[in-house]
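Each chain gets a letter, A, B and C, in the order it is written, and its residues are counted from 1.
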Amino acid sequence: MRSFGRRVLGALVAPVLVAGVLATAGCANKDERTLTVFAAASLTESFGALGTAFQASHPGVKVKFNFGSSATLAQQIAQGAPADVFAAASPATMAQSKAPKSRVFARNRLEIAVPKGNPGHVAGLKDLANPSLKVALCAPQVPCGAAAVKALAAGGVTVKPVTLEQDVKATLTKVRLGEVDAALVYRTDVKAAAGAVEGIEFPEAGKAINDYPIATVPKTRQYALSREFIDLVLSDEGRRVLSGAGFTPV
Amino acid sequence: MAAVLSARLVVERDGFLLDVSIEAAAGEVVALLGPNGAGKTTALRALAGLVRLSRGEIVLDGEAIHEHPAERRSVGMVFQDYLLFPHLSALDNVAFGPRCQGTPKARARDQARDWLERVGLGAHLHARPRELSGGQAQRVALARALAVRPRLLLLDEPLAALDAHTRLEVRAGLRRHLEDFGGATVLVTHDPLDAMVLADRLVVVENGAIVQQGSPAEVARQPRTDYVARLVGLNLYRGVAAGHRVTIAGALTLSAAEELSGPVFVAFPPSAVALFRTRPDGTPRNTWAATIAGVERHGDQFRVSLDGPLSVSADVTAAAVADLGLLPAQEVWVAVKATETHAYPA
Amino acid sequence: MRGRTPWGLAVPAVAGMAFLVLPLAGLLVRAPWPTLLVRLAEPRVVEALRLSLLTATAATALCLVLGVPLAWLLARAAFPGRGLVRALVTVPLVLPPVVGGVALLLVFGRNGLAGRWFAGVFSLPFTTAGVVVAEAFVAMPFLVISVEGTLRAADLRYEEAAATLGASRWTVFRRVTLPLVAPGVTAGAVLCWARALGEFGATITFAGNFPGTTQTMPLAVYLALENDPDAAIVLSLVLLAVCVAVLAALRDRWIRA
């Protein structure tokens, strides 16, 4: 009899534990509303500032950000991740997220980033072809890398990079640490690095502009709030923040 | 014979003090005998270099080796559990020592083959230790220790792990090999039969000190401690002699065959003790009243342990037990013939 | 009682098995079977696989050469600060791999503490050697901890016996200790190899990502995920198949003492 009781107890323990874990995962404070924004890594600083402004003007609302590689975020959204707003670094990645309607809100252009002091003496795009220089690029599968491919082709420059990083922030880190002599990153990234790296503009960048679209995620539960956030991004305040970061607002 | 081994071993550890002096001549087998915890294995390990001496020295063939690590001493050791390397065959186990000494692999294996054939295991050269029986493993362990041609051979309870039947055969074989061995041998045992058969000299160790030494026959005939007495199966008492009378513990006076004075030991075998229902009136001078404490089988006889002025063991036949109805708590009279006692100076 | 598993154990055990096996089943179900063979022949698949196997094996070799003596030191030698050293050895286990990669850059990078001295001669970042170093860094604790445990459990008496037979300390280690702990070393090396094979964060941060030089399978999978999830699944299946084949080929008795 005793062992029977133990077996029943044992059979009950596991499901109870699992149910408990699931229950706590779903808990949320019903009074507070949360807006979840998935955005490309290059929007970290600007959207961060806009999020704070949004929270100030919407008491009781919390804005949660998920910054990262646009492609990864797009896939997560396509698989049902709980996002309300998605801002991507390219129309291609926006399409991956299967959001039906989107609108371009900013443009970004590439810049050559070099470590402080420009140890490789880089002046323009052609210098990147110098075999004695270590150059980092974004991987062509990510928006920043696709733009780099276009820009290099436009300039007729062949570069053998030492690494193809998985997102633009990682590429910038290599420059910051002085591990590479140059990299192609966004202008906004150079600005955000605030003096840790130097930026060199180059004319061919105009041939590879990245359009940044923004959209409400189809399955969102905060439709009204998402629209309000997008309105903020498109507003004068939003445009000011974006151009301050180095974007070209649309 | 000049001593090959001359050692004074002092080891202090965890509140236990071992202080013994051991000497052994070339070709001599010295057995360290004693109860568990007496320090015999510690002494052996100190000779091997596995235990550091707190004080003292070890001189082997004129060379002081107590500062040398184990691997530099010309010592071969057979362990109680044999400790044959499980990942090597018997042949490679025995070849291990010579190879460490620099002998090339092929020659070392030839030497190992010779040794294994000498101990009768020529057919088991490539067996792994786990495939060997206890007796076979013991012989491989012996061959392994002898293969390094040590000047001192140490054996730690060499037959303890064997069953009674195997022990008989292996003991005989071991005796032959020890006779052939030219160096000194020190072996540790708690089995008196091992000591009697294998040793030229017995050293009895109790509580870290030597309490008796001598040839096996001497020690058996004249035990000086309870432990040895029990081991050789004698009743032993300490007393004070005055002529033929020995007073034991101020309680009882025995008549002894010898004439001595001063502190003495008195010993007699259990077979010399006779039991009576009533007080005997005859030639035995040594009689007293006692109470039966226990009756146990002892071979095909019975051993009766008695309480009284002296604690005595008596051997009686089964028939006697039945006839006298000997049961615990019963009162009987004990008689011991003086001619069967043996008194000797303490 | 043999063979009767109590309910309290059976239910969570089955749940645990499902937890681990279902994602793998998901991969198999969602794999692009029609195009599988074509994709497998793609050069980048072969390249990434070759690089992964090469670097993981080299990293394991490096871990063995450095880790076994370290494990011996931790298990047998009593020195002041031993507890601290043991704690430090396990740091790569708890450090996020990317942080590990950054730390490696700060030491072995071009401007790193040690790297600046040999920057002119050779570079570790962006090279295959750098991949080996990054993988060895994250995988070594597995080996050290496994081997240390085995050494502690090993019977010291065999080593005493060897000493009485005249074996020097090095000979004892080589001919007695090592063979006796070989199963534990093998088990540790297997864990080490598997961990090195799957390493991503430290590799991409320290060695970078370039096909043929530093793009191991995990990196290839991550990048393929950006715009070609089917390719990512194929790469994952290849890695999975190789791992299962290697681990299944390891005989039980080589790993268990």
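FYI, contacts are C-beta pairs under 8 Å (C-beta built on N, C-alpha and C of every residue); 3 or more make two chains touch, one makes a residue touch a chain.
Bear in mind the structure is a predicted one, so any value in this text is a computation, not a measurement.
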item: Chain nearest the overall C-alpha centroid of the shown protein atoms; value: C
item: Identity of the chain that, by mean CA position, is farthest from chain A; value: B
item: Averaged-CA centre spacing for the pair chain C and chain A, given as whole angstrom; value: 32
item: Distance from the mean Cα position of chain B to that of chain A, given in whole angstrom; value: 85
item: Mean-CA-position distance for chain C and chain B (Å); value: 56
item: Parts of chain C lying in touch with chain A, wherever the complex brings them together; value: 6-9, 11-12, 15, 102, 105-106, 109-111, 125-126, 204-205, 207-211, 214-215, 219, 222-229
item: Sites on chain A touched by chain C in the complex; value: 6-11, 13-15, 18, 69, 71-72, 75, 92, 96, 134, 136, 139, 141-142, 161-166, 170, 173-174, 177-179
item: Complex contacts: residues of chain B adjacent to chain C; value: 48-50, 69-73, 75-77, 79, 81, 83, 85-87, 96-97, 100-101, 144-145, 148, 154
item: Chain C residues within the chain B interface of the complex; value: 157-158, 160-169, 171, 175-176, 179-180
